[in-house]
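Which chain is which? They are A, B, C, D, E and F, in the order written, and residues in each are numbered from 1.
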Amino acid sequence: MEPGGFLLVIILMTSLVPGLVIFFLREQQFALRTFFNLGGAGLKLALIISLLVGVYRDGKTYSFTLNLLPGIDLVLAADALSLLFATLSAVLWLVTTIYAIGYLEHSPKRSRFFGFFSLCVSATVGIAFSGNLVTMLIFYEILTLATWPLVVHRGTPDSFRAGRIYLAYTLIGGAVLLAAVVWLTVLAGSQDFTAGGYLRDLYPEHEWALPLLFVMFVVGFGVKAALLPLHSWLPRAMVAPAPVSALLHAVAVVKAGAFGIVRVMNDVYGIQLAADMGMTLPLMGLAILTVLYGSVRALFTQDLKRRLAFSTVSQVSYIIIGVALAGPVGAVGGLVHLVHQGVMKITLFFCAGNFAETLGIHRIEEMRGVGRRMPWTMAAFTLGGLGMIGAPPMAGFITKWYLGMGALEVGQGWVIGVLLVSSLLNAAYFLPPILAGWFGRPQHHWSQDRFRDGLLETHWMLLLPTLAVAAMALGMGLLASLSISPLYWVTFIVEFEYGYEHIWRAVFEEVDP
Amino acid sequence: MSAAVAPWLALIPGMPLLLAFLLALDGRGALWRLTPLAVLPALLGAVLLPVGASAEYPAVLLGAELALDPIGRGLLLVTALLWGAAAVFAQGYLGGSAGAGVSRLIGSEHRHSRPGAAPTEPGLVRFHVFFLLAMAGNLGLILAGDAMVFYAFFALMSLSSVGLVVHERTREAWRAGWVYLGMTMLGEVALFSGLVLLVHGAGGHSLAELASEAPASPLAAALLLIGLGIKAGLLPLHLWLPLAHPAAPTPASAVLSGAMIKAGLLGWMRLLPEGEATLWVGDLLVVLGLLGAWFGVVAGVFQSRPKTILAYSSISQMGLMIAGLGVAIQVPALAPVLMAVVGFYAMHHGLAKGALFLCVGIAGRVRGPWILAYVGLPALALAGLPLTSGWVAKTALKVPMEGPLADLSVVLWVLTLAAAGTTLLMVRLVAVMLRERGPSRPLPLSMSMPWLVLVVAGVLLPWFWVPDWTEASLDAYRLWSVLWPMLLGLVVGLLGWAVARWRGWGMPGWIPEGDVWVPLERLGGWWLRVFGGVPGRVHSLWDGVMELLGEGVRGFWNGVLAWAVRGERRMVQWEVMGVLFLGLVLGVFLVLALSLG
Amino acid sequence: MSRPRLSHVLTSLLAGALGVALVLILLELPAHSGLAEPVTEAMDRSGVGHEVTAVLLNFRGYDTFLELAVLLLAVWVAWSLGRQDPVPARSVRGPVLRGTLRHLVPVAVLTGGYLVWVGASTTGGAFQGGAVLGAAGVMLVLARPRSLPRVPRLGLRFVVALGVLVFLASGVGGLLGGHGFMGYHPDWAYALIVAVELAAAVSIGLGLVLLFLGGRVQGDDDDH
Amino acid sequence: MSPWQAGLLLAFDLTLVLTLLGVAWQLLRGVNLFRSVVLFIAFGLLLSLAWVRLQAPDVALAEAAIGAGVTGALLLVALGRLRRMASGRHGGEGS
Amino acid sequence: MPIAGLTGGLSWAALIVIVPLVGALLTGLWPRAGGWVALVVALLTLGTTLGGALHVWWQGPEIHALGGWEAPLGIALVLDGLAAFMLLLTSVVGLFVTLYALGYVGRQERSGRFWVLWLWLWAAMNALYLSGDVFNLYVTLELVVLASVALVALASGGPALVASMRYLLLSLLGSLAYLMGVALLYGAYGALDLITLAEQVTPGHLLMMVAALMTVGLMAKTALFPLHGWLAPGHGSAPAAASPILSALVVKVSFYLMLRLWLTLFPDLATPALGVLMGGLGGAAVIWGGIMAMAADRLKPFVAYSTVAQVGYLALFFPFMLAVPGGWRAVVFFAAAHACAKATVFMAAGTLQRAAGHDRMSELADVMRGRPISSFAMGIAGAGLVGLPFTGGFIAKWLLVETAIAGDVWPWAVVVVVGGLLAGAYVFRLLGPAFLAGRGSPGRPIAGIMEWSTLGMALVSIALGFAGAASLQLLDATVTGPGGL
Amino acid sequence: MITENLVGEIYLVCGALLFVLGVHALVVRPHLLVKVLAVNIMGSGVFMVLLTAASGPDLIDPVPHALVITGIVVAVCASAVALALMLKVRAATGQARLPSEAPED
């Protein structure tokens, strides 16, 4: 174990411990709860930043190992990819916590909510730092467990139905994943994630089992990533409160699935082996179907959050397309979308939450003219929506660009066509609400109108996080070549972790690293 | 100087952006009055910055580059001028208490203003924000030094001008807005994919690299053709244009038609890959351009609203420029010259068309024939009156084609006839405008000055930008060759007008506003009526099936539960348990005995 | 009885089959003398002369100890299942029973004691003796000249547990003395075994009596 | 032991075994509970005879005292209580 | 078969038996002091058990010849890895149940009975785990049966009594079948000592009959499908402090014995066909118990049916012992994980039942919300039942699936995975109502120690999630037959 | 000696049959008292097997004797508990049989 390994454990604890403490706080202990919430979130972010500094500046490696069973360890490790996901989670956790505090003001069961919320974040960060499949499986299952209470948080029959479906899907996915991980462990032992995979030597011997396992992994992780036939829990889970939809269904849960697939592709099988097994193309086909299907469904959905959810279904598969392209540039596109999509979608969800909280808007047609009452939120929504469409200079554009370039690079130019259709569909379901919001005439009064008295259009704890993430979504695209941008980072990962030569030059042709 | 280039270049699109941001931030103040100032950096830059000035912004996008080349410089100047003029015009057109359109704009359902602050129209602020955003895009794309930046500004311009089109929120405006938006999005994605292909081929995204290293990819060319053609009003892709221009407020129409429409052209000039494989692009452009030049005339003549006529005129004029560009692609030897000419033409057209659109706004305030004083000069310039910019432009376009390099006589003829068409259209415009009788209201300086600036600029334009063959064009033959089509158009137009007045005929609406779009729309409506229910029906069918399935599953599950409960009740019975016990003892024994032999 | 139930038929068939199988297997049992030889060899270290007693209280003393524990537990269970109120006295009906009791009980106690005593060397032993004692106790209870307390008092509880306690004490003594749990020092074996047997017999007797008393339930009164 | 002495013993054994089985069968039919209990006591006594035949006098003694005696007494008491319960509050039980 | 050697002198094995036994006797003499005696005994037992386990860990199995009489003649106490593991499990669960019962039975007039029976049961279980003699095992088995039957019957009321009666009769049937097996063994081999027998047994019809009788007899006690009928009513109606003992521990006792017998006496009989039969029964139990749990409408029968389901996994040791050397350890670990989780759930269920005054599942939501500690503990335990990390259940499930796959008997992996899903379905059916909207109410007052001990038990099941490696290592020090499984 | 073996076999068979008879009655007879009897008969059968199986040709093995004595005591304890429980069941449910078990029809 590296001496710094405990830092990883402490990072996990910064959300786990507050979460557990919060469970046992009384409803009225607002200040204390907020202290734990924000303190934990802030501390986590600070620690992760120090980790970043340690990794990048001082070149340290961090890992923590705990023996669970003979030959099977719980391994936490910080590599560039895990740091990417962890940083994303930590940043968005902080933002979402603030948002959630504002959002849930005066609503019941806040202690329970924040307790599970923190558990979810712990699990997500755990997934990020997982150093092997077993560890990832463990945190993945915990994520399932901790998310369910949030989905049913409102306690209505609707939310229960959603919760049931969510559980049905994720538990089955988890079961398949468990079987797959165990099987793989039996075949190859429990090995740490290795860039380029560690199964190459086994393939000739198990040329039947390994592809099957791959399929099982895709199914297992695909449930959370909302891949096509396994997606329908996601739109239903939108009955959850907005912060949940925002952080969990835009970032934590679905990204955990996508992240898992990325790990399996890159660090377990290795892209090359996956391609040799003939697995990348079907996976990409599935992802493409998901992209298109999600978009079409979003188009025909009038409920705002559900529309966003279907959009998530569609967008998360971009990540998978990128990885399945099996080339460095595509990998950059896919991985960077992990971050981009999260930030953009969380923006949109925050906006939806703002609309719902402030004016009681839940459906698209109710958005008419909302831009006049809530211009800032509407602006953020516009930025998020444009980002989803892939309009420059939003973050989504960078993704789309690299996906397109990646597709060309591996000779799969037709994928661009998919991107185009998807962009058009995205435009078809995002632009109408945007236009209606800015230019529509509201035909009736809002079903409610809160927070009118203040200086801002809504509660500051709702507005500021929204604007912050919107700014991030813009900044990640506009300043994509900045050395702290996700793109820069992802390029680093792809070049130095996955050993693709010269990708750096290919991406930042005019910038010397 | 060079140290200031980068911030200066950045400020050209940055200033409107900044102002838009401030405007949005303030929300209700009078900051919108500052809108015209946003063009200052561009104007000054166009004048003062050295040609070839360029700057890199490594952190932005994938390493952004802004540059000022000769064509860009001219365009920048004109564009800035136009935007500035439109901005000033908008102050009077929309803003003042006397504004005619203002009453329409006050649709504020939720006017909530701080007590004490002057009540300001929120729609006004919104208009100016989008106006500034579009301005930023337009100015920026001229400066773009790499594909990414070009695309970004292009998209910014296209998308934010949607806000200008639907600004008035009438049915017409929405319709136009949707059509515009839809086609714009199509254009965006086509442009995007074209760019991806190009950049992938070139291995870099700066325009210089694209020009020098991109292989001629037919697919990329076709995509660019579509993507930019929509903006440029290329013939079958022009559908949005006659809808959007009349729907937008006048200052917006002016920039839409005067400045933004050129973005497509500029894009082609910058991006179209050259080479054997893409020669057909030139052919196509020539054919479509010429068709467009004529179609614009024909369709425009049948219009009865000045802005629509102007829109079709734009289509027609763009057709000319496109044809010029096409020739330049077809005949690479002519390319340098023709490119410059097309650039000049674009500048000319921007100024003239901008002025004309402003005239439409002015027409609502001046009585009767006085309008002729405003509309005359720009209309004539557009028609190519000698010594105007139009004359120089048209001549300049034709002169290189007459050279021996290629047989372009057909093109020349059509070009020439198109000039007649232009004149005809102008006559029709004037006729329509004269017919419109509004109450005379004071014309604020903010509306007349911009017009004046544009007209003066149009007049001065040729003198600042004198190609070496200007002298030659002054000779009689050339003079005539420009004049006779013009006269032809004039005569036909006046005759037609006279006949119509005499007989009291109205112009038949043979070609509706938005020409092909109208039947398409009808077809779409029919399609929707017939098949519109299909998704719903599929959905409800799906729902039904799922419900049935769910019920089946639920029923099955309940059956299983009931069956299991019954079975359990049986298994709890002592006798059953006993039988099972004995059976198991014997069973295990037998299994063991049999399996062990 | 009408037509036989399926479960009965099945039970009969299966039980029959099991019986046949068991018989067939049993008939193939090899003849051997089991542990007879080791027992004989170890007799001189057992402290007693009778093999069965040696096995019961020495070689497999742990079994017997647990068996006493079972009895004790059964007493507790019967007690915990039964009614908790005092058992009322009832007059002994008829002179015959009274006379019988008067003579029989002392005889039974004597017989029991004797059986325990001879158990060390020949047939007999704690259980048999205890059973006789228990029989005497049962008769006493049936006669019941005075009411019995609701829950056995401490003294009575102690006596019931006496067998287990003494046995356990002896066993722990063996453990501490290095002879293993439930072991005896060879020199003391006889005395200890007899002591254990006596205590066990008393406990068994009392335990059996208490088993009789256990299991009274509501609606069950011995009065009539 | 002479052969026919052995034969006689065998006959005795057979008779004993058959009686045991017969008694067991009868008492397990459970037609009359009291009869069953009495038969059970008899069975215990017969069984102790069998134990004697199997050269296990200790077991025989234990069987007679405990198996037949104590168990029998327990059964009788239980039966009596059942009957009292039946005649007390609940009807129609105990046979 | 690494055996450290026979010990004279002070022996952990003997102490482990003696301590609870002394406690049981003391409680019997002074029932009113039962609670305190039980607490002290629980702590001491835990201490001695730990000592014993450490002894096994460091020095290997201990075989204590009782009374100094060696194997064929005397009785041996065998403290090996398996026994130590089960003892440790019993002690830990026992400690928390004791704490819980301190609050539950309180100062009721009849509380003494509970303590007596519980400590007797504990002593009996310890004796059983340590016994190395087939006949002695029978005696201890009877002790366990009588004590546990009485525990069930402590709850008055027809259903509880009928259930305990059924349990008693079936147990006696099982015991006698087992005893018949003992008789056959002795008749054939003239020995009772397990290790001695293990060296002598030869596969044959007799041994098969012995295996059948003993296995099925113990199956009935373990409530393995289809002989589970007595369990749900019994455990469901037992007193709240007794249910966790019965479901978590007593069921495991007979399972332990079955496992022990198969490991020592019958390893040669473990055929694939038998594996299919028993594993199939186990799989059926998993499914059936799950379905019945879905159908249950009262909390405690619901939990009891979950036990029926989970017991099904235990039967997987038949296919596993054949497929993988040491594969049975997965099942043993599962038994421990299940014990911890199930004890927690039953304890929490008892709390809720007492707080609400009933245990109808549809009406418990308020109390579940009002009793967050119990509900939380139940949540953790539920995760344990489903096999979610970081509980012992996850490690157990992992081991089961891994064993099945490594042994190339993957259908059992499917059984385990599907069973986990079913468990997920019914566990969330249990926990779901706690999240329904509405205010919680704590219901009737509850002794605090009941809730906290429940939480403690739940934490143990998490701790077990980190004890996998150590457990397996301990289990490696198990005395097995010559088959060397 | 043949007869000696034969004697053993007679008792072995008897033991087995008693066991089986007991099982049968335990399962089939509804009344709990009879079930208790049946358990005892079963036990007797097992004891008989145990005693007989070990009675070797010459030496008498005392171990089974001890076992059977122990077994008898255990059996009587179990019977006592079962009877006590039976009475409670009778008191609680009104019948001394297991419910859901219809009387023979």
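Operating definition for what follows: contacts are C-beta pairs under 8 Å (C-beta built on N, C-alpha and C of every residue); 3 or more make two chains touch, one makes a residue touch a chain.
Since the model is a prediction, treat every value here as computed from it, not as a measurement.
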I need the common contact partners of chain A and chain F, sorted by label. B, E
Both chain C and chain E are touched by which chains? B, F
Between chain pairs B-C and C-D, which one is joined by a greater number of C-beta pairs in contact? C-D
Of all the chains shown, whose C-alpha centre falls nearest the centre of every protein C-alpha atom combined? A
Farthest CA centroid from chain C: chain B
Nearest whole angstrom, what separates the Cα centre of chain A from the Cα centre of chain B? 35
Distance from chain C to chain A - Cα centre to Cα centre, in angstrom: 72
Mean-CA-position distance for chain F and chain E (Å): 28
I'd like to verify one number: the distance from the centre of chain D to the centre of chain F, where each centre is the average of its C-alpha atoms, in whole angstrom. 11
Return the residues of chain F touching two or more other chains; collapse runs of consecutive numbers into ranges. 13, 15, 17, 19, 21-24, 26-28, 47, 49, 52-54, 60-61, 63-65, 67, 69-70, 72-74, 76-78, 80-81, 83-88, 90-91, 98
What are the residue numbers in chain C that touch two or more other chains? 5, 7-8, 11, 15, 18, 21-22, 26, 29, 32-35, 39, 52, 59-60, 63, 67, 70, 73-74, 77, 81, 125, 127, 208, 211, 215-217, 219-220
Counting only residues that touch at least 2 other chains, which ones in chain B make the list? 572-576, 578-579, 581-582, 585-586, 589
How would one label the connectivity among the chains shown: line, ring, star, complete, or other? other
Give the pairs of chains that touch; include all such pairs. A-B, A-E, B-C, B-E, B-F, C-D, C-E, C-F, D-F, E-F
Which residues of chain E touch chain A in their complex? 372, 376, 383, 386-390, 394-395, 397-399, 401-402, 405-406, 413-414, 417-418, 420-421, 424-425, 428, 432, 435-439, 465-466, 468-469, 472-473
Applying the document's contact rule, which stretches of chain C touch chain D when the two form their complex? 52, 115, 123-125, 127-128, 131-132, 134-135, 138, 208, 211-212, 215-217, 219-221, 224
Any idea which chain F residues touch chain C in the complex? 5, 8-9, 12-13, 15-17, 19-21, 23-24, 27-28, 49, 53-54, 56-67, 69-70, 72-74, 76-78, 80-81, 83-85, 87-88, 90-91, 104-105
Using the touch rule from the top, collect the residues of chain B that touch chain F in their complex. 569, 572-575, 578-579, 581-582
Interface residues, chain B side, partner chain E - complex: 560-561, 564-565, 568, 571-574, 576-578, 580-581, 584-589, 591-596
